[in-house]
Structure formats: C-alpha cells, structure tokens
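Quick one: this structure, given as structure tokens, is what I'll be asking you about.
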Amino acid sequence: MGGVSLRGICKRFGDALVLDNVSLEIGAGEFVVVLGPSGCGKSTLLRVIAGLETIDAGEIEIGGERIDHLPPGKRGVAMVFQSYALYPHMTVRENMAFGLDNIGVSRTETARRISDAARMLEMEQLLDRRPAALSGGQRQRVAIGRAIVKEPRLFMFDEPLSNLDAALRVRTRQEIASLHRRIGTAMIFVTHDQTEAMTLADRIVVMNQRRIEQVGTPLEIYRNPATAFVASFVGAPAMNMLPVTAVPGGGAFQRVALADGAMVDTAVPAASRKGALQLGLRPEAVRLCAAGAGDMDATVAFVEFLGDKTHVFLSLAGGDRIVAVAGATAPVREGETVGVRFDGGDAHLFDADGRNLRIMA
Amino acid sequence: MGGVSLRGICKRFGDALVLDNVSLEIGAGEFVVVLGPSGCGKSTLLRVIAGLETIDAGEIEIGGERIDHLPPGKRGVAMVFQSYALYPHMTVRENMAFGLDNIGVSRTETARRISDAARMLEMEQLLDRRPAALSGGQRQRVAIGRAIVKEPRLFMFDEPLSNLDAALRVRTRQEIASLHRRIGTAMIFVTHDQTEAMTLADRIVVMNQRRIEQVGTPLEIYRNPATAFVASFVGAPAMNMLPVTAVPGGGAFQRVALADGAMVDTAVPAASRKGALQLGLRPEAVRLCAAGAGDMDATVAFVEFLGDKTHVFLSLAGGDRIVAVAGATAPVREGETVGVRFDGGDAHLFDADGRNLRIMA
Amino acid sequence: QRAANGPVEITLQRFFGACDAQYGASTDVAAAEGECAIITTLVNRFNAQNRDVHVKVNIVYWPGYDQLSAALAAGDPPDLVTMHQSVISDYSLRGLIEPLDAGLKSVGVDPTGFTPAARAGVTRGGHVYALPFDNWAMLWHVNMNLFRAAGLVHNGKPVMPRSPDELLAQARQFTRATGKPYLIQSMVNEPSAYARNLFTFLLQQDSDFFADPRHIKLRTPQAHRVLELFKQLYDEGLTTKNQDYTAATAAFLNGQGGVYLVGTWMIGTYDQAARQRGSPLAGGYAVVPYPQLYPARDATYADGHSWVVPAAQRSPEKTRAIFRLLRFLKDNDFEWSRTGHLPAYAAVIASARWRALPHRGDIVRLVDTATPLAPGVQRQFLVQQIISEEMESAITGQKPIDAALADAEHRVNDVLFNLL
Amino acid sequence: MEALDIPALAHEADAVPPRGWSAAASEARAGLLFVAPYLIVFGVLLVYPLLSGIWLSLHKADLFGGARFIGVENYARLFRDDIFRQAVWNTCTFVVLTVPALTVAGLVLALALNRASRWSAILRGLFFSSSVLSVTIVTLVWRMVLIPDGGLIANLLALAHLPPVPFLSDTRFALPAVALTTVWWCIGLPMMLFLAALQQVPKDLYEAAALDNAGWWRTLWRITLPSIRRTALVVVVIEVILQFQLFGQAQIMTLGGPNNASLPIVLFIYQIGFQRWDIGYAAAASEILFCIILVAAMAQFFASRGREGT
Amino acid sequence: MAHARPGRWIAVAALAVAALAMAAPLLWTLLLSLKSNDDLLRGTAVAFAPPYTLRNYGDILGHSAVFGWLLNSTIVSLGVTAGVLTLSSLAGYGFARLRFPGRDIIFILVLFGLAIPEQSVIIARHQMFSALGLHNSYGGLIFPGLAAPFGVFLMTQYFRAMPKELEEAAWLDGASRFKTFWRILLPLSLPAQATLGIFTFLSTWNDYWWPLISATNSSMYTLTVGVASSQMNFAQTNGLGFLMAQAVFASVPILIVYVIFQRYIVAGVRAAA
C-alpha cells in the first residue's frame, strides 16, 4: 500500500477560498502531523481527502490510484472526527462493527479486531454502553477504536486528543505512535498541540491561511522554520521576535542592531541588506545572567514556574518583551533586573516578507 | 467580597457517589485550578457550586454567606461551560447582555462592560454575529466574555481553552491571568493541561475519583506530591515509578534496592520499613551518561525530540521502563546502551498506600 | 327580545341555500327563479312591507336538523324553521314544536284550505304542527325524443305502462330501439330514492306496511314483487347502473336514457333544457306522475316542505309577528310553486296562473294521489336510508331479495323500538 | 405572562429552608405552575366530559331529556348489535389500510424532499396542500375520480378496455376507496413531522457512515431511521388515533354503505346519537371506541419501548 | 452526500408521478371553480374547455355574510393556535424539564387524553357549554380546541431533546425559570412550534362538527359552516362550480399560514444546524 499524494488541491465554500493550491506527498507508512491556527483549513483538508467535500481543482492519489472521484466509503480511509460523530443509538461494539459489517468482514474477524482495539484503548468494559453513557475522554477513544478496526490504507485524526486529561493524552499519544509503528499505515494527524506534533510526526505540515507554509521533520521545523509564521507558531513559549536593522561588521556573518542599539552577531551569512529585519530567538537561546554581565540588561516582567522549568518574561530597555526559559529553580523574582545573553548562533533572521534568511542562504 | 468555602460536600447521582466529602477553602481573590483525570468529578464540583446540582450533604459559603440553598442566578457566580452553551439565537452582544438584563443593569453600563470585554478578548468585530458563524476558538472567547461582563463574586471555568490552537491558548491564558490580576475575583479553573495549571494557579487542587488528593501551590504539587497519584498525574512526561525494597544502610537516609539489585540513596529520612515501596523519580532527575558510568546501564527504547528538549525512554535491566529528559540535542539513538544516574536527592518514596514518605517524615 | 321601540326581530332558519349575490337586496319575487331566489326575495319583501318586524335569516346546510336539535338542546331555538313534513312527528311527539292551530286561526289561515296531502303531512294527533309550504314527489321525467324513436309516443303523450309486465315490455322495446337504458336512476350513495319507489308501489298495492307506526312490515309478497321488478330491470340492463344523483341528473340532460326517476324540483331545469336548441332534450321533454302499475289504487309517495315554530318562551308581539310572516308565506304559495313543487293550497291548484305554468297540467293528478306515510312514523329519513341500503344490495345482487327485506325490516324496527 | 414566575421567585428568595429541599421544592412548584394552565383546560374540557359521557352510557337517555339508569344494558346491546360489530371491524380494517400507508409514504416523501432546493420546497408545499381542503371538497373531488360512470379511473380502465369498477357501491371496494381518499388527504402531517425530525439529525453522523462505506440503503436503515424513531412513534400513534375517528369521508362518500361495508364506528355513533337521539347508546359506543383507541395507542408505546430496549 | 446513488432516476420518476397524482385533483378543483353551475350540470368534462367565468367567486364575495364568516374563522383559528402553542409549550417544558411529584403519571394521563374521540365528549361538552351560555360565542368555539393533548405531546418530546446546558447557562445568568423558558427555549423550539401551529390552525379552520352545533346563529358561523349553509340542496349537482370556488376561497388563508410557518421551520433548522 503506497502513500498519498495531493496535487494542487483547491477548495472553496461559496466564494471563500479555503484551500489554495495545496500539494503534498505522503510516503507509504509515513506519519504526517498537520499544524496550524484555527480556521486555516486543517479539517477541510482532511475532509477533502476523505471525500466528504468535493474538490474544485487538483488530484488526490492513494497508493498511486486516483481516488478523488470515489465515494468516501470506497477510498479506504478512516477518519476520527473533531466531534467524534459516534452513532448515538448503537453500543460501542456496534459502533465499531458497523464499518466492518458494511464491507462484509466475517463475524469472528470483526470480534477479534474489536477486542484487540478495546484492549489497546482500555475500554473493554465500555463495549456494551451507548455513547451517551460515556465521558468526553471515553467517547474519543471509541472514535479512535472505530477507525482502527477498519485497518484502512490511511488514517486521519482531527484533533483526537484535545479532550483527554494529561496522563491519558500522553498514553493515547504513545498508543497511536506504537499503533503506527505496528501497522505502518500512513497517517494524517491534525492537532494544535506542540508536543503531540513534535513527538508523533515523521514530518510536520504547517498550514496558515489555506496554504502550506512548510513541510519538514519536527526538528527541521523547529530548528529551521522557513518563515516567521512557522517560527512563532511552533514552539511554546513562542520564539521571540525582535525588530532589528542590519549593520555592517561581523565579518562573514550578519550583525544586527536592536532597537536600543545593542548589537547581536548571528550565524546568518552576511550579505548587503537594508530595511527592517526580524531577529528570531528561541526562549532557550536567551540565557539569564547577573545584571550587567550579559549583552544587555532587562527587567523581569513576570515569571511562570512550570515545575520542571521556568518561563521568565522580560522587558528590554527598547521596550521589546521577550521570554527566556530557565531551570526549574531559577532564582528570579518579578521586577528585578537581570542580564541577558543572546546565543546568536541559534538566532534566526527574517526579512520583510517573513522568509528565513538562514535557510535561503 | 470574601472567598469560597466548601465543607463536606457529597453528591450522588442515583446511587453513584460522584463527590465524596469534599472540603476546600478558597481565599478572596485566589486563583484555584482543579486538575484531575476524566470522570473524577471536576465538572460536577463546579456545577454544585454554581447550584446547577443540589448537594446531598455539606455547606457552601461565598464571602461568609451560606449560598447552597440559593438558585443559581442568585449566587453571584459565573461559569464558562465545557460546551460553551452559547445561546444560538442571540448575537454575541445579546449573549453577553442577557445576564446583565436579568439583574437590571442599566443600558449604558451594559454597553460599557460589553465593549470592555470585547476589546480585551479581541472580538469587537464579532459582536453582531450569531454563534453559528464563529469558529471554535471564537465561541470560547464569547463564553468567557459572557462570564466576565457579569462581574461575579466567583468565576468558574470548565476546561475553557481545550479547543484553542497553541498560540491562541497561550494568549488567552495570559489574558485570563491578567484579568484575574486586574479584577482580583476568586476563580476556579478546571483543566487537564499541565502548563495551564502550573502557570495560572495560586493553588492547584488535584482530584481523583471523587476525592481531593492534594491542595497546594504549583511548586508544592510538583515538588512534593502527597501521593503517588499526584506524583504521576502532574508533570509531563509523568514521574517514573519504580518498585523498590527498603534496605538497611545509607545512614540517616533511606536506601532502596531496585528490581535488579541496584541501590539508590534517597533524601528520605530512614526508618525501619518493610514491604514494597515505590521510588518516584522525575524524568529530569534521571541523568544520562556514557554506558557503565552511571548507577546502572539501560537501553534506549525510543526517543522523542521536542525541539527544545528530548524525551528518552529507557528500559532497565530489571525490565522497568523509565523516561529521562535530555537537552534539545541529546546524542542518543534508539537501541543503543547508555548509563543512567539517579539524582537520589530529588527522589520520592511512596508506601503501599501511595503516601509520600518524604512529606510524612 | 324587543329593543325599546325598534322592530321585533324574529329568526327564520331555513335551507334552500344562499343567493344574496343576485337577490340579496331584491324584493321582486316575480323575477326570482328557483328555490333560493324565491324564498330570499319573499323574505326581503316581507321585511320591506312590515317595518315593525325584522326577519333575521339563519341559513343552514340541508336539511339542518342537527343544528335545530343542537339549538333546541342549547335552549335558544330560532322562531321559524323549515321542516320536511315527514320529520314533524320526531319533534311534535316530544313537544319540541308548537301546535299552530290557534295562531293560524288568528291570522285567518284555515287548514281546510290545505290540499289533502299537505293537511295529512302537517297534522299530528288532530293538531296542525306546521304551515305546509308545498308537496313534492318523485316523477317520471321523460325524454320524448327517445320515446318517439322507440315508438312510445301516442298522440303527443308518452305511453306509460299500466302493469309491471308492460313496464318491462316497453323498457325492452325502448332499449332495443334506442340502444339506451329505459330508466335513469341514481343508485350509488343514494339515501332515499329506492325507499320512495318502494313506498309508492307498496301504496299502489294497498300494503299496510306501517299499520303500526312503531313497526314496519316488509316481509310481504307485495314488497317482494317491487324489488323483483327493479332487480329485473337492473339485470336486463334496462336501467343505468353505478350512477349517483349527479351522474344521473347529467345523464338525462345528455339524453342517455328514457325516463329519469327524480323529484318535482327538476321540472324547471329540464324545461329550460327543452327550450335550448342543440340540447338532447330540445323540444322533447315531458313529465308525468308515477304510472299506476298495480290495480289496487293510484298513489305516489309524497313529502313536503313546511314551516314549524320551535317551542320557546316568546313575547306576544313576537308571536304575532311570527304568524304574520306565516300568513305572508301562505299568501305567496303560488310564487313558491314556481319552483316545481306542488302547491299546498287547493286555491292555488285551482288558479289559472298555476296551471299556466309549464307541465303543471301533466302532474296535477298528484294532488289526489300524493300520499305521505302514516303520521305517527318517526325517523323517516333514517328509515328511508336503511331501506335504501338494503334494497340496493338486493337489486345489485349482493343479497337475496328476501334476506334484504328481512334485514331492512329488522333494522327499521330496531330503530323504532329503541325510540324513547 | 411575567406574573407566572413571580411566585417561584418569591419562594426562591424567602428565608433559608433546610438544605437540598429548597431547590427541589421550588422546581416542583415551578413545574406545577407550568403545567397547571393546560391541566385545567384538560380536566374541564376533556376529562369531565369523558366521565359524564361514561355516566351517560349507563342510561337509556334521549337527546331531549329523559334518562333512565339501565346499568350496562347499552353495552350488552352493543355486543349483540351486528351492525356495531361490523362497524368495529370496518374501522380496524380501515386503520390497518391507512396508518402504515400514511407512515411509510410520509417517511418516503420526507426523505425525498429533505433538501434545500427550490423544487423540494415546491413539492413539500404540493404534498401538504391536500391537507388544506375540507373533507367535503376532498370527497367531492375523489367522487369524480372513483365514480364508475365517467370517473377518472373508469376512463383509464376504459382505455385498457376494462369494465368500470363500482368502487363506492361494491362491498369489496368501498372501504379501500375511502382509505385511498384518506391517505391522499392526510399525507401532509406525517411528512411534516418526519421532515422536522430529519432536520434534527446531525450531519456528521452521515459523514461517518459514508466513511464506514454504508450505502444509501444501509445508511437509511442503520442511521436515519434509528435517529428518528421517536418521531416515527409520534406519527404512528397520532395517525392511529386520527384514523380510528374516520367520519366525514365515509358519511359523504358512501353513507357507510353499501350494506354497511364502509360504516365506521363514529358514523354509527353519529347515526345513533344525532339521528336517533339515543345518546345513552351512542355514549356507550363511543366509550368502546375510546378503549379501542387507547389499547391501540398504548400497544404502539410498549412495542417501541421493547424495541428501544431501554 | 453529493454522490449519486443507484436508482436515483427511478426515485425521481416515482416522485414526479406522485406529485402529479397529488396535483391533478387540485388543478381539477380550480378548473371546476371557473365554470358556471349550469354548464357543469351536463357533466364535468366541459371543465377542460372555455368559457371560464369568475361568476362563482363573484357569488361568494357578493354574499355579504362571507366576510363575517372569514373573520370568525380567522379569530377562532388564530385564537386556538395561539392558545395551543402557549399551553402546549408551557406544559411541554414542565413535563420535559421540571421534576415535580406525580409528573410522569400526569403525563401518561395526558397521553391517554390523546385517545379520547371527540364523539365521546361532544354531547357532555355541548350540555356544559349550554349551561355556561357559551354557545354562539368565540369562547365557545375556541375553548374545545385548547384541550387537544397532541401539542403537549409534541412539545414535550421536543424539549426533552434540547441540550440542558443552555438552560443552565440562563439560570446562571439569573434568569427566572419562566424567563429561561421564554427567552431561551421557546425561540429554539420554533420548528416544533411551526409544525404544531400549522396543524392546529389547519384542523381548526376545517373543523365542521363542533361549530355546526355550537354556533347555530348565522352571525357566529365559521367559514366551513357558512359555506356549507349557503349550498342549496343537491349542491354537488346544481352548484358544483360554486362549491369548488368555495373550496378554493376557503383554502387560501391556510396556504398563506402554511407559507409563513414553513419559513420558520426552515429558519429554525438553520439555527439548529
């Protein structure tokens, strides 16, 4: 069973363009996570692939076979809906059996698959309940189970974990990961949870406003965001964006000046540039030190203790606000003045159009 | 406006006990986050306080005034529902005005509050839309706005952020935080998102199976979990739990032996103990080093790169699986053998009933 | 209820429909055509002539007895109501309507002036309970054009049978000659025609089927004969089948049969058609009373419209007003007779202007032969309906004749027996 | 209207009663306030007349006074009365003929017309429009269809060189003819109810079913029908109740004939009560009709309970 | 579900046939209403050919009383509809959402009420109204319609299916139970209201039996009773065109009501979707 390929997909609702010439190749057995802000078209993308929405332009292939003219049931895809969409009048068991029954899977086989899925999702004891008698989390697991038992050529999950509690979310996440490792089916997974995206994805697709901004492995996306949008959308707390101006000097590498005149040497190859740039710094690329000891001083606006780490929100002399990540037991207090050192090697530069100069170079 | 106090609240649905003798004191203007697994009774707790469910036993006071006999509308509390519960046939503006209208707030005052809330939640341009025309995130903000304008004595949020994308979630989170700082009203906030809990809460209430397991500041909860449940529920990835046996030696502090005989010295005061114990180790308390160089060796089961950090899942010789957190660029590969060093000072010991010995001591 | 010195208002409840569109304001009775028009203009004229009285008209759907009963039960009945003479017993026996002898006398209406049929129709236990308005009976409406073609015309008059056998013979002759059925009958969903035929021919055989008004006798050879006759006509296809009243009425207009058995009220319509060129009836319409098929006596079952006064408390002047109206109606009985119905007053029958009306001469014989059922018989509409149902099933062959007669007798007697 | 909730408020505001009691009590009070207006009307205009009707059925009574207590004699007489027995039989047959037809047809139409298109709107209006006519007109129109002499069907048969069928005057056809007319006349209500129900079924269920490769037919059986089961029950119950009360069509089209083949219970009651004025007997008959309808309707409820299994 | 399914065309054809069967009698009625009574006496076939005339409609409108009847029918039908909608919605909400002692038994009893045929109450009701002097009054025509349990049944079913959170949100907003009902649940029940409204109005408008025996005074006639009364004997034969014109005339107001309410059904659906 081969992968999925989308070529130039366009979708409009009325005259509102929702997917604009989207192309994407998904390898056989690849796990792709789609990340993007609300309303960017993630669900629509899945629905188009599933055949729940017709496309206005483009082609969809699964395993080399053109499918965009097939009815949803014939495309061999399974989807977990953002709103579960469980059949309220059927028990959990019937919910899962329905799809198999339709394609004439034998009784025994059906029973086996259901019990496997139930065991994996820890819902053996729920099999004979109706959805109304389940908690939010339990419903979500049923929805996932219903997809799994169909053993499709392509799984699609639309924010399947958003209603689970932390512990369960981590567990389910790992189950999905191992499920994927086991059956090696291609999967498309929509989420807006950083950690899920980073941990699950072979490749991440970042969407923004009906377009694909960047496709790449989690680390590529994280380390080399193609655009300012990707940079600021991926990673929590978000990458710090500081307006800077290119200044000469710094040799092979570009030197930039902050609003308050402080200089930062980046790892971006120098080139004759003018006009406003943006300096992108991951919070962990901002190091705290004693006042005066760093590239510049800043005052601590407020502090978030997360237990395993600490977010320190700083305001610079120039008025810019940045975030730094410190250890679990950082000794900072709100209001005090600290020094900050920028790890320019990890810094990114974005031009006016938001393109990442480091990559383009 | 004083705080909230619950004394011995019991709630049963039919013969299913859902809240079991829950008592809680919330200071005036305090921000309390309720954390707990799905189905533990969080929503029910809020509904009981709101007066949407009658209580079978116990007392509820707000600002020293007994309220558990008052109808919901008279308790001066506002609640944001897990399912928004916006009035579909009213515009956003009407949705917000409805509550004020009922308590006879003047036209002008109503208008003022609405425009304030709208500005704060960035939804001025949505005021005349119907909920059906809003995206998931926007609806949630409307629901919050509807609560804010009522300027209640107590805010209650039932997982208000679960459907927002990462960026918006962070922003809204900070808005709620600043909202709280500004109006200083007591707030109860149900979530199962670690970060939200840690960042927002003055105090966190951890619930499990219709009981309160622990109440404390985020750091207390994180650093000194009262029970094994709290320890494993709070923190992602969850605290590693290893079955150990107490062994003599180690002087003032308790020494324990792992399944494969390896010894760990804890910071827990020694005492004559027998029977099975559990060793609790935060992932960041597990340090990786070259094979043979640590307390023991382990093989890397698999690795999650999160960009800013790395989760390394290890299986020990004894068969136990533990997870360690390494830096963004940890040089580990799946399958290879590494050494692990336990930072015993941060280790917890839990007895058979799951009580944390370090705290009891 | 008399307003201070305004006119006395009396409520007149009638059927015959509404035709205010043309006649709402007209008092020109002479120009009015048809039941509705004539009664409307009559009332208009009375109102115009009697300023001190106002007649408020309550039109009801035919026959309106449900409404009358309801109004009586509710305790505020109208002051004057149209009622079929065959129905009077139902109300008179319960004292629901007033005897009118004294009142009529006071306005100079003398029952001896009624035709025999009319007088019999409105008199119960020696009291006059209604002012008769007309009598009507089923007639034989004849398509002379077809009759002529069938050689059944003798010096301008249709040849009528004088016995059942003659009837069959002439019918066969007619059908052979014209290829059309001799009789046109309304046989579907027909509540009364069958019964009226039966009554007529039982009367002609002097069968005392209602010797006891509480008990009918139908298991008689006479009744059997009548049904047999009609069954024979039906079986031999000498009559139309499967027609209801509407279809039959149209069928005769369209010349689809020789004789249409229907009431006096159609004379006007068919006479009109006879005057239209191109109509199948053009210049070829005659009407005669039922022929005497049995030697015993010449009789035709007849009913009639009349006016009754429901029992109620009324002020003297109101009562006076009511009787003035009754007098007025009696005086205008000729106008009413233009509808085709037989006048209820010998004087009108005798008058030249009535005889001058089309075809009246041909049916005047009815005055002597028209006969209602015995006065004591109640629920006559229901009785007719029951008998018609059973006769239909006998004639159309769904039941043996005797079984049908037995059932009819049993059902009718059950009704009459259970009367309070 | 506002007056309605003031007592509830006043109560909610008053001094502290024992815990847990207050909410429940005020809810109960509010509940009674909400149902009271209807219950009063219900009691005065339906229950009381029903009871006095039952009382009346134990008398030999005349429409114009005079009632004699005779116990259950009227009922005994009914059971001896062949015509009544036939009327009961006719009525039940009629219900069996019409209710399933109406339910199925209504459902099919609703399924076919549950669209936003202009055509669907027009057709919805069309299929509803017959309900607008009064029984007089409906029967009149259908007379012209059914009458063997020049009726529509007769003409169609004539084209096929078949003899006309005397629908209204043949014992075998009279009742079915009335049933046909009734279905044509009453199809609007079931269709509307089903439409309202269909539009409440969430769209994503159908999407899930489509992904589950459920064909149109299976989707109908396993998704749509279960989702509107409640409404189906409502429709069946309502139709059973309505059709058991067949009156006008039979009275006008066939007078209950021929030979009582189409005489329904209500027409029987009408003849007894309003033509024979024997209202005691009529009351007895109508109480029996009431019981029959009650049983039939309840049967529906319990049947559906059984199916739901809950 | 944009995917064409097998047999779709058969379905369309069947629908077309059904529509035809549905429409034919209606058009027939319209045609007949445009023919003069005398022409129709010869048979209805003439209806297919001219001449057509508005005479019958003229006769209806020329009959002064007709507007009175129209007014009566409108007042009565609107009165009953408004009353039923109010009572049923209130009761339906009470039965569906509020717990009070004996609720379920009472509800069952009301359902029993569904089974009561009019004939088994009409005589007693007629006597009661006589005693109260309600005959020949709007009250006498409206009250009986209010007792019909169908509406309560329908609204209860509908309210039961509504999400509870909306109500709870309203209570938290300090709305009284009545206001919650009035401002939140009622507007959301529009589809059910519309369905119920259409059929209440319709059945009241076409009701013949009760008005006939209660409004015996022609000034209180409803349209159905009025038009029936203005038919001459054998109207189906001698006054067919007039009869049909009356049918068309009497149907127009209901069609208007239907159009209005249908819009609400659609609107309600949009809100729900």
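Order as written gives the chain letters A, B, C, D and E; numbering starts at 1 within each chain.
FYI, a residue touches a chain if its C-beta (ideal position, glycine included) is under 8 Å from a C-beta of that chain, and two chains touch if they have at least 3 such contacts.
As the structure is a computational prediction, the values presented were derived from the model and not from experiment.
The minimum number of touch steps separating subunit B from subunit C is 2.
Of all chain pairs, the one joined by the greatest number of contacting C-beta pairs is D-E. Our note on geometry: subunit A versus subunit D, Cα centroid distance of 57 Å, whole angstroms. Taking the mean of the C-alpha atoms as each chain's centre, subunit A and subunit C sit 94 Å apart. Put simply, the C-alpha centre of subunit A and that of subunit B have 23 angstrom between them. Among the residues of subunit E, those touching two or more other chains are numbered 43, 127, 176, 179, 228, 236, 240, 272-273. The multi-chain contact residues of subunit A, meaning those touching 2 or more other chains, are 71.
Shared interface positions of subunit D, defined as residues touching 2 or more other chains, are 24, 63, 143, 150, 210, 215.
On the side of subunit C, the complex with subunit D involves touching residues 66, 69, 72-73, 94, 96, 187-189, 191, 240-244, 246-247, 251, 379, 381-382, 385, 389-390, 392-393, 396, 398-399, 411, 415, 418-420. Taken together, the subunit D residues at the contact with subunit A in this complex read 202, 204-205, 207-215, 218, 222-223, 226-227, 229. Subunit B contributes residues 47, 50-52, 71-74, 77-79, 81, 83, 85-89, 98-99, 102-103, 130, 132, 146, 150 to its touches with subunit E in the complex. The touching residues of subunit E, when paired with subunit D in their complex, are 1, 5-6, 11, 15, 18-19, 21-23, 25-26, 28-29, 43-45, 86-88, 90-91, 93-95, 98-101, 103, 106, 110-125, 127-128, 143-144, 146-147, 149-150, 152-154, 157, 161, 176-179, 181-182, 191-192, 195, 198-199, 202, 206, 208-209, 224, 228, 236, 240, 243-244, 247, 250-251, 254-255, 258-259, 262, 265, 269, 272-273.
The touching residues of subunit C, counted against subunit E in their complex, run 11, 15-22, 24, 34-36, 56-63, 66-67, 69-71, 73-76, 78, 245-246, 249-250, 253-254, 265, 269.
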